[in-house]
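Have a look at this one before I ask anything.
Labels run A, B, C, D, E and F following the written order; every chain starts at residue 1.
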Amino acid sequence: MPYVNIKVTKRGEITSEQKAKLIKGATQLLVDVLNRNPESTVVVIDEVETDNWGMGGESITVRQSKGK
Amino acid sequence: MPYVNIKVTKRGEITSEQKAKLIKGATQLLVDVLNRNPESTVVVIDEVETDNWGMGGESITVRQSKGK
Amino acid sequence: MPYVNIKVTKRGEITSEQKAKLIKGATQLLVDVLNRNPESTVVVIDEVETDNWGMGGESITVRQSKGK
Amino acid sequence: MPYVNIKVTKRGEITSEQKAKLIKGATQLLVDVLNRNPESTVVVIDEVETDNWGMGGESITVRQSKGK
Amino acid sequence: MPYVNIKVTKRGEITSEQKAKLIKGATQLLVDVLNRNPESTVVVIDEVETDNWGMGGESITVRQSKGK
Amino acid sequence: MPYVNIKVTKRGEITSEQKAKLIKGATQLLVDVLNRNPESTVVVIDEVETDNWGMGGESITVRQSKGK
């Protein structure tokens, strides 16, 4: 019955194929490590604007402009 | 003081009227079961693209195309 | 495929019966309003210490001591 | 290593400068109170439509129309 | 800069070794699929009591007693 | 109407006084930057075991044992 929430910044387009790989991979991880039922494993992906994500006290927009 | 977060996939439009019913119903549920103050109950609804939601290791987009 | 997260402060014990009513009620709400499949609706309840929940800039512990 | 998630309703535009202040301020708060490393502090801001946020059993859209 | 939250029900003990595998696997998944920096990838695991998790309108405690 | 969720690892005890400062500071930040109503601002603090928090593909427990 696991629930996995993956939050990533929008940097270029994240394709449907990449999202499918994240869903498949996260579900398989819970099978491999904890033997949980894949049928009832839920994965939700959130794409976040770089202005709305901060690290080190700065937005990712600013960090990228500085080459961090 | 409860906080309720409802995440649903976007399948057709979810109308303002439906959202109002979700907010009213979730708030009332906390009153009925736990006698919590409705004035300080917060409800947040997130609408998620079907590509970004997975179950059984597949996106909802793919599952719908298979008639699941 | 909805996911509902209910966060409530711990004020006295929340019984297994009350939790069951929250799960049943939240699941039914999504059926009634959006016609979503109850079998794949997930509900997660988080119980939070009153020291760890704030409103109006004060913890619930402090608010309760003031009769708010 | 803190993680801070700030959810706010969209009421007018929230500018990049305001988001930068939220990120800087939340990160500094964790330094000041708990002496946590700002470099590994993550802040994520979610902007929520007023139809999708409820309080007191009503959406913020409705509350604003009533002058609440 | 991804953030991954894994919620699982407590069914028997989840060992430190299993948690380490979840952290390593989720971080590697983001590297493999989206080429994100593992150093700034955060993983948080929440263990949830079976009374506090519902599916199909019932708690996991009840579902397990029915052999679901 | 903002909602702020602060997740921190448990490293030593986090006192009620420190939690009160986090609640007050986060609420004031939303007043200062976005002029939001402090009375309806909710803050929830989650304390997470160091085994359950990962960064750089390792748990905080392991990172601390390596002096990171």
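To be clear about the criterion, a contact is a pair of C-beta atoms (placed from the backbone, for glycine too) under 8 Å apart; a residue touches a chain by one contact, two chains touch by 3 or more.
Keep in mind that this is a model prediction, so the values were computed, not measured.
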Most remote chain relative to chain C, going by C-alpha centroids?
-> A
Remotest chain, chain B as reference, centres from CA atoms = F
Rounded to the nearest whole Å, what is the centre-to-centre distance of chain B and chain D, using the mean of the C-alpha atoms as each centre?
-> 20
Between chain B and chain C, tell me the centre distance in angstrom, where each centre is the average of that chain's C-alpha atoms.
-> 14
List, in ascending order, every residue of chain C touching at least 2 other chains.
-> 1, 3, 7, 22, 26, 40, 42, 44, 53, 55
What kind of graph do the touching chains make: line, ring, star, complete, other?
-> other
Can you name every pair of chains that touch?
-> A-B, A-C, A-D, A-E, B-C, B-D, B-F, C-E, C-F, D-E, D-F, E-F
Which chain B residues qualify as touching chain C in the complex?
-> 1-9, 14, 18, 21-22, 25-26, 29-30, 32-34, 36, 40, 53, 55, 60
In the complex formed with chain A, which residues of chain B make contact?
-> 7, 48, 51-59, 61-62
Chain E - residues contacting chain F, complex = 16, 19-20, 22-24, 26-28, 38-47
The chain A residues in contact with chain C across the complex are 1, 3, 40, 42, 44
